[in-house]
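Please see the structure below; I have some questions.
Here the chain labels run A, B, C and D in written order, and each chain numbers its own residues starting at 1.
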Amino acid sequence: MIAVVGAGKCSKKLRDMASEVGRYVAEHGGVIVCGGMGGIMEGAARGAKEAGGLTIGILPTDSRDDANEYIDIVIPTGFGEARNIMVVRSADAVVAFPGKYGTLSEMAFALHARKPVVAVNAWRLGEEIHQTQTPIEAAELAMKLAAEEPAPAEDSE
Amino acid sequence: MIAVVGAGKCSKKLRDMASEVGRYVAEHGGVIVCGGMGGIMEGAARGAKEAGGLTIGILPTDSRDDANEYIDIVIPTGFGEARNIMVVRSADAVVAFPGKYGTLSEMAFALHARKPVVAVNAWRLGEEIHQTQTPIEAAELAMKLAAEEPAPAEDSE
Amino acid sequence: MIAVVGAGKCSKKLRDMASEVGRYVAEHGGVIVCGGMGGIMEGAARGAKEAGGLTIGILPTDSRDDANEYIDIVIPTGFGEARNIMVVRSADAVVAFPGKYGTLSEMAFALHARKPVVAVNAWRLGEEIHQTQTPIEAAELAMKLAAEEPAPAEDSE
Amino acid sequence: MIAVVGAGKCSKKLRDMASEVGRYVAEHGGVIVCGGMGGIMEGAARGAKEAGGLTIGILPTDSRDDANEYIDIVIPTGFGEARNIMVVRSADAVVAFPGKYGTLSEMAFALHARKPVVAVNAWRLGEEIHQTQTPIEAAELAMKLAAEEPAPAEDSE
C-alpha cells in the first residue's frame, strides 16, 4: 500500500507524473492510498485505475461526493487536515510530490511514524528522505522499501 | 459499502451471525467496512472473506498488526473511539449487533449522519432504526437501503 | 470540570435552564466545558460567565470566530462531530439536555468513558443515567459526582 | 494564547529555556497552550504557573493523569499525534523549540493554518519562520505577532 501525497492543485505536468507513480504501483500489485481530492491525489489515482489497480481516498470532508472520480474506496472522515495522518499510517511507503505545508506535514508524520518517504522534488528535510528524479524511479523505490521489514516504531516527538 | 458494528468481544453465536451478514453482503457485491478488531467485527469480515469479498478495517490504534486476520485494507487511525465516526461515514448503510456504549455511539453517529441503520437485537433508539430478527434479513434490508438515494444531510445536533 | 451537552438550536426556555446549570457550577468553583456553539452550549457558557466562572469551548470547526461570545478558552478543532469525544473526556461529569443524535452520541461516549451523566429530560438510556427534573438539581448532582473518585476505565465497546 | 511546541524529552537547559517563554507570556497576560506532556511542554507550563498564569494541555492520550503537574486545564483527546493540530489551532502564535518530526509536523500545521511561528533553534523551513536566539526574544515576538490581525486563512495544501 503506497501513499502518494502532494498539492491539491498542481500543473498538468505534475499530475501526469503522479499518474506514472499510480500506474507503476498498480502494475506491480500495489494499492494506492491518498487524500482523495484533486491535483497530485487525482493524478495518482487516475494512473492506478488506468492500470486496473485499487485506489483508496481518505477525505478531509464528511462527504463522499468530494472524492475525485478515480477513487474506489472513499473514507469521508470529516477530520480536516488530520486525515493526513491516516493516509500516511495506512501506507507501507510514501511518495511525496511538491506541495506546500499540508504536504510538509504529511512528510513529517511519515517520518514520525517511521515510514519510508521517497520524494520527487519535494521538501528536503534531511537524509531520511529518499530523493529521486523521476516518477518511475520513485515508484520503484517505494515498492521496494514497502516490501522490506518496517523499522520498529519509536517515539520521535 | 455496508458497515457492521457491535461488541469487540462476543459469544460465538453472535460472531457467526455477523459472519452471515458479511457473507450475504459479499455475495451480493457489497464491501464490508468495520472497526477491524475482534468479536462482531471479526465475524463480519470472516464471512465476507469466505465469500470472496473485500473487507476494510478502520482501527482505533495506530498499528496495523491489531487488525483481525480477515481485513484486506487496514486503516490504522490512532484516533481511538473517534474512528467509529469514520466507519459509519464510509458506509451506505449500517448493520448493528448488540454491543455496549461504543456500539451505541456508532448508532448515534449513523443516525446523525442520516445513514440507514438496521439492527439485529441492538439498542432500541426509536422508529428510525430498522429492527430485524435474523442476520440475513438485516443484510438484505441493509443492501436494499444502501442502494436507495441517500437523504440530504441535515444538522441534527 | 463539568460538560454541558445538548442541542445547538433550542428554545429560550431550555437555553435559560442551561444557564442555570452554568451559573450553579461557576458559583461552586467548577469550570464549564462545552461544544462552544449555540443553543444549550451558549446558555451554559452565559450562565457561567454571569457568575464570574471560566468557560471552555471545543469547537467542531477550525475557526475560533465560530465560538459563542461567552467562551473564554476556544479550542478550534476542525474535527467536526468527533470533538464531542473531547468535550466529554475533558469533564468530570456531564449534564445532558434534550438534543438529537449529536447529543445522544455525547451521552454514549460519556457512558463509554465511564463519566457520570446527569440528564435533564434527555435521552433515557438506562439506569446508568441519573435523571433529574430541574437544572439546579442536575448541576448539584453533577458537582457531587464530579468530586467522587472516578470508576476505573474499562473497555465497554 | 501562545502555543509552545518541542520535544517531549529534552535537556534541562532546553526545559529551562521553555520555562522562560512560559514565564514571559504569563507575565504579559498571555495563556500557554501545549501538548501537556513532558520536556519542552512541561518547561513552558512550569514557567507560566510560576508567574501565576493559566496553562492548557491538549493530551495525545485519553487519560488526564498523563498531563504534567503544571497544567490547569487538561483536554485528554485520545487522538494521538493528531492533537498537535488542535494545539496549533488554539494559538495566536507558536513558539517552536528543537524537536523531531512531531515538532516538525506542528510547525508545518502552524504554517498551513497561517499562524505566526517563532523558532528558537528549531527546524529551518524557510522565510516564513521567525528565527530567534533567546527564549525572551521569542516570547516577546510571539506576543507581538499574536496581537496583530491574523492573515486570512488560505488553502495551502
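FYI, contacts are C-beta pairs under 8 Å (C-beta built on N, C-alpha and C of every residue); 3 or more make two chains touch, one makes a residue touch a chain.
Everything numeric in this text was worked out from a predicted model, so none of it was measured.
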Neighbouring chains common to subunit C and subunit D, by label: A, B
Between the pairs A-C and A-D, the one where more C-beta pairs touch: A-D
Fitting subunit A to subunit B on CA atoms, where both chains share a sequence, rotation angle to nearest 5 degrees: 180
CA centroid of subunit A to CA centroid of subunit D, Å: 29
Centroid spacing, where centroids are CA-atom means, of subunit A and subunit C in whole angstrom: 39
Residues of subunit A engaged with two or more neighbouring chains: 62, 78-82, 85
Touch list for subunit D against partner subunit A, complex: 7-9, 37, 39, 79-82, 85, 99-105, 108-109, 111-112, 125, 155-157
Subunit A residues within the subunit B interface of the complex: 1, 31, 56, 58, 62-64, 73-79, 82, 85-86, 89-90, 113, 153
Residue ranges of subunit A in contact with subunit C within the complex: 62, 78-82
